[in-house]
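Look for chain A in each of the two complexes below; its partner is chain B in the first and chain C in the second.
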Partner chain A sequence: MSAVDDVAAVPMTAKRRGAQLIMLAFAVAIVMVAYANVGLGEGGKVPAGMLGYGLGLGGLMLAAYFVLAKFAPWADPLILPLVTLVNGIGLVMIYRLELATRLASANTQLFWTALGIVMFSITLIVLRDHRALQRMTYTAGFVGLGLLILPLTPFLGKQINGARIWIEIGGFSIQPGEFAKLALVVFFAGYLVAKRDVLALAGRRLLFIDLPRARDLGPVLITWVVSVGVLVLEKDLGTSLLLFGAFIAMLYIATQRTSWVLIGVLLFAGGAFIAGQLFSHVGDRFEVWLNPSDPALFYRTGGSGQLMQGLFGMGSGGILGTGLGQGHPWLIPLSFSDFIFAATGEELGLTGLMALLMVYALIVERGLRTAIAARDPFSKLLAGGLSFILAWQVFIIVGGVTNLIPLTGLVTPFMSQGGSALLANWILIALLVRMSDAARRPPPQAIQDEGLTQVFQR
Partner chain B sequence: MNGTLKRAAVACLLMFGLLMININYLQAVKADELRSDNRNTRSFFARYESERGLITAGGETLAKSVDVGGDFRFQRKYIDGPVYAPVLGFFAPESERGIESAENSYLNGTHPDLFVRRTVDLITSKPTRGAAVDLTLVPKAQKIAYEDLQKSGKRGAVVALDPKTGAVLTMVSVPSYDPNTMAVPNKAKAAKAYNKLNADDNEPLINRATSKTYAPGSTFKVITSAAYLSEDGTRDVNTTVDAPNVLPLPGTTIGLRNYHGESCGGRATLIDALTISCNTAFGSMALEMGYDKLQEQAAKFGIGQEMSIPLNVVKSDIGPDEGKAALAQTAIGQRSNQMTPLQMAVVAAAVANEGKVMKPYLVNKIVSPDGDEIDSARPQELDEAITPDTADKLRQMMISVVQNGTGTAAQLPGITVAGKTGTAETAKGAASHAWFISFAPAEDPKIAVAVFVESGSAGNDATGGAVAAPIAHDVMQAVLQ
Partner chain C sequence: MSELTLLLIRLAFLAVLWFFVIAAVGVIRTDLFGSRSAAAAVARKPGKPARQPAKPKKGEPKQLVVTGGPLQGTIINLTETPITIGRANDATLVLSDDYASSRHARLFPQDGQWIVEDLGSTNGTYLDRSKVTRPTPVHLGQPIRIGKTVIELRK
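And now, the complex of A and B:
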């Protein structure tokens, strides 16, 4: 009997479904107020479609909540409300920009959000045990690579804004790179779990760092070549940096070897330097980064004009912002996609951006918490990898538009207009939710006293 | 793996930390620099986002902001643009002029006095509304002054003051311009309109009442008389002075002559000298007094000072001490003697106001968007130019000018008018300037006027009495009736 008491003494994680529902309602409420604010700021009245819009978003999130409650009852209660908030703010910004520029379309984005939630639900319903993904390690790898090179195929691939990262099927433009991102993280997780012991083996020691064995460099070099290939062939600096960075981070998490990070950084820096010398569009980015306000660069096509417009917007927003509907965010080129963060900064100000970054940081940290709480190496690595790639993507694009790092085009997760990214990121969140459910689910209860020995925690 | 995961978590937090520090730098530290960068077109849009305050005068709206919606929501419209343009100025895409510039912080709502109002608008998400600026101008007099001057086909200016307060009742400059052409929210169009006006030889953009100085001619004799009467309190209107046909100018071969070589009879009383505007009499008075006395008296009237009313008024100046020959010419408003029309109105007003010089002002009051008075004009005495006794003697002399002398065209039925004409030679052979300064009613002055008509007419015969006095007549009539 005493042993059963011991089991009961193991702290039980609460489901906290009630708290999740309240926070979800709160997130939807914030978004509705923001939506009303756009109308009040722009035309002095609450937008006519506000109720339908709010109920639409609320209904979608309620559906997602029920799916989550049914199929992943132990899941982290914070992730869904946080993502809802960011997605909602993104919708509001696009709605706001639609009033000024025809390129933005709030309805399309709402449609993709709905589809994203459908994908979220399907993932949760179909994928009852994420460890099934481990068995598809190499399939995922091939799928990921295939998706990456898809835009290069003739007839299918399409070049927009200088980058060849789109394919067109039946009138829809799809960015396969966003899905490749997911497949490749699954592949990295499966592969590294299998090979991490070998990769962790020490080779020669140089200064304070244990270098890996030369023959283990293979996978790193292959990923590097793929990344550089993306950079050169698709002119997509962002995805190249995103994938390579995520791989190096996962390699480090799996092997605990700092030397991998160093090698990765050196390889990327070398690659970027060579690319900068060979391709003018890469070199330009560096020039712009170092001196964005230079008039010569400002007025040059592909110069710093776009970046500076974003900074002007943020500067004009100041600490409190102009208020939704009251700024001029459409003056920023691509304000609804790559530069949505700067556009948000103009109208919501420093205050709004700090809150937004905080929400992103919370999502990432909830994901990493899931990784730490997970019970098997594959789950740890997958959850860690997915969380990191989310943080890394936010860093690359937000750092780019704020000129912290050279600008490389990437989607701002859940905010930028674009279906592919929304779908892929909702699947990413579904995977995190699935893993957090597994991690937080109490260990199976022993039926017999002696069965207790089956219970272990890593 | 938990150890490296935790380190990865720290790395993620570090990345977010860097992003946060960077946006703080951009939006708090560097915000002003980015906001005011001239490549940031937002400041251009921002000009049309707040409802700029009205500019009114005597119950009439002179400038207003019209809500047209869209990117350039509030657009500036001027009613009777050319009549008021030299005072109001204009609100252009990148700059403003005149009262629009001088009272900009009230009009656009950024003045500290409007802080509470602005905060309420911010919270209720309404566009900022500026305060209204009410001017001291009298629309009726302003319009008639503009029409008269415009009709003459000449360039010129009219300034009318309330002698007791210094309030500017009329300020007209001709040729004028339509400020609406530059108030369009289109930089290229506004610049084109501006450049066209700026290149015009008639200089329509210049407010002749405040921004340029001209030889005052015989109107300056009021100041010479003031100095002469002040120098010795026993002198009065009947004191006689030398008034030869030709006043020899020391060090030159030519003498100072009277207008058209007329004679003043050898000696003249002060009142007669002013009435018939005898040049040689005033020349000899100045030679008797010396430069310093004249300069001192001029300074007491405010000559030699720049002013802000709140339009900038350039410095008037009697010129440097260049010897006796020059002094005799200075005394009759020639040589290097240069006055703004506003300054001459101030001189007339000071005589009317028992010698006290009141600072001219254009803004009557500032009214918040809710109709509360935020600020109102406080009349300010600058100096006592002459004693009330001297002022009274000058008044008698100036009344005589209008009743019996060169200024009869300014007579008003039933009202005593005091005045002085002026016809200033500009260059040999060029047309002269015509001046007239006056105040009325002489017993209890309500208005002091200065009328200036540049290069009076095609011929040399245009005198202040013929060209300028009738305009002063109309302006005084408009204010008094």
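And now, the complex of A and C:
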């Protein structure tokens, strides 16, 4: 009936700790080579901090590995090494930009990475069975909504670069929206497990599309209102797109009905269009997207200058890049956060960017694989949803930076400088690891071996 | 630092980056096609007798293939568990054959060899041309005939 009901076939799996450790060492080695390369390219000598950074990252990942081996021994062997590589390349790029601009800080980022690993470990240790999250469906929903509107509260909220998505507590600024997306995915998963039959079955058929009943549109409309609210009140195009996309994707996973996707896309396109007409900050983004090379837009503040610098950077990188430490990525405004992908593109070229995208794709593939192997519908939806928001984030920001879609301020997962996003994404990875551990763990042996039929029809 | 060295480092770094991706795909490959060590690890996990060798050797059969009869083309992957053949619903290979008994025959591994045993069937089990009267080792490619069905072990 739907993707969630599947055969209980459990693939043959093994722990593959050896492979995991080797890949992890490989990832850390690549990051160290990248550090050395930055130093050689920039100043002609291996940077003094290379061993410190390399061993720091290596030690952190080893710690994460031990936690994983102890608390989730059957987890997918690839997720951690892949994430390590992306996080490490991000660290290297920030270190590289720190040499040129004051705003980037590799030490801070390494500190946040360490904190990310701590969050990863805590999540794995505390959350022994992810199905506990299913019991907190509505709690998660309220927490998510609360976190989303937190920046709008008068004293806590802070507006930086035009978007009101930060709160300030004791000198630290946090983006609660990053954590909200995790809570909301948990909520969507729990909610859709309970409601998917109604959403999937009831309705009329019009032409070749199954239309849902009007009253079943409620949750979609509510999510739509929330997304558009985020868009308008917090001026945050990225989070709005992220949330709504995640909900539609999970609705599709749960019900397998194309009509939901169509309705969702139409709703969002309509909402974004109207918002573009009414609110200047949204309209500006569209204008920049359509004519980035217009000189009038280029010189305007908040115009296409940043986008064009990013495109120039990637253009001068070409196929093979200028080499680490040998380009001019600091010319792109905010090259260490939103535009880190363009900065990396300049120094590693198309070849390097494709490798990075492949690594992201592999992380997502492992997540979706977990969703396929998972045994209960809640895990399937949660794993599918979490992998989807990771992929969707990468798509939104990379698409924005390359001018495929209007630019929205989202972080590149694990690469951009910024604590909240890094922490939230490490928790996301911990959840995926926890679920892949549950999915790959061999089932308890049946009492009667003879009863286990294994006939595969070809 | 000369231009040439930097160029070489640059190319080498990109190559290493891609090698990482390929290595990761290599790890995934076993996920799709299964690996010998993976199967063994699962078999080793329940119970602790460690009687079975960790890895099956090269020459050991891995599949049971039905080569004749109504179920022709069916493949059963061999694990450590015994395989029962017959008309009974709980048999591993369920035959719908008037000439087969409900519990007709059994195949089980012993010391790295698969043994066929007739479970007192009415019409008998044949290995090659000879009737199976007591548990007999089966070699690769040797046809086992049960009623109209012919099965054999393959690598």
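As a convention for this text, the second predicted complex is superposed on the first by the 432 of 458 C-alpha atoms of A that agree within 3 Å, B and C clash if a C-alpha of one lies under 4 Å from a C-alpha of the other, contacts with A are read in each partner's own complex, and residues count from 1 in each chain.
Throughout what follows, a contact is a pair of C-beta atoms (placed from the backbone, for glycine too) under 8 Å apart; a residue touches a chain by one contact, two chains touch by 3 or more.
Note that the structure is predicted; figures quoted are calculated from it, not measured.
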Which superposed partner A:Glu365 touches (first chain B, second chain C, both, neither): both
Touched partner set for A:Leu40, first chain B, second chain C, both or neither: both
Partner chain(s) touched by A:Phe26 [first = chain B, second = chain C, both, neither]: second
Partner chain(s) touched by A:Ile169 [first = chain B, second = chain C, both, neither]: neither
Which of chain B and chain C A:Leu331 touches, first, second, both or neither: first
Touched partner set for A:Gly323, first chain B, second chain C, both or neither: both
Partner chain in contact with A:Pro81 - chain B first, chain C second, else both or neither: second
Chain B versus chain C as contact partner of A:Arg16, first or second or both or neither: second
First (chain B), second (chain C), both or neither touched by A:Gly349: both
Chain B and chain C contact sites that coincide on chain A, given as residue numbers: 37, 40-41, 44, 323, 326, 349, 358, 365
Of all residues in chain B, those that touch chain A in their complex: 1-6, 8-9, 11-13, 15-16, 18-20, 22-24, 26-28, 30-35, 37, 39-42, 45, 49, 122, 125-126
Complex contact set, residues of chain C against chain A: 1, 5-7, 9-11, 13-14, 16-18, 20-21, 23-25, 27-28, 30-31, 34-35, 37-39, 41-42, 45-47, 73-77, 79, 81-82, 84, 90-94
Residue numbers on chain A that touch chain C, as the complex places them: 11-16, 19, 23, 26-27, 30, 33-34, 37, 40-41, 44-45, 77-78, 81-82, 85, 320-321, 323-324, 326, 348-349, 351-352, 355-356, 358-359, 362, 365-366, 369, 442, 445, 449-458
Contact set on chain A toward chain B in their complex: 37, 40-41, 44, 249, 252-254, 256, 293, 298, 308, 311-319, 323, 326-328, 331, 345, 349-350, 353-354, 357-358, 360-361, 364-365, 368, 371-372, 377, 380-381, 384, 387-388, 391-392, 394-395, 398-399, 402-404
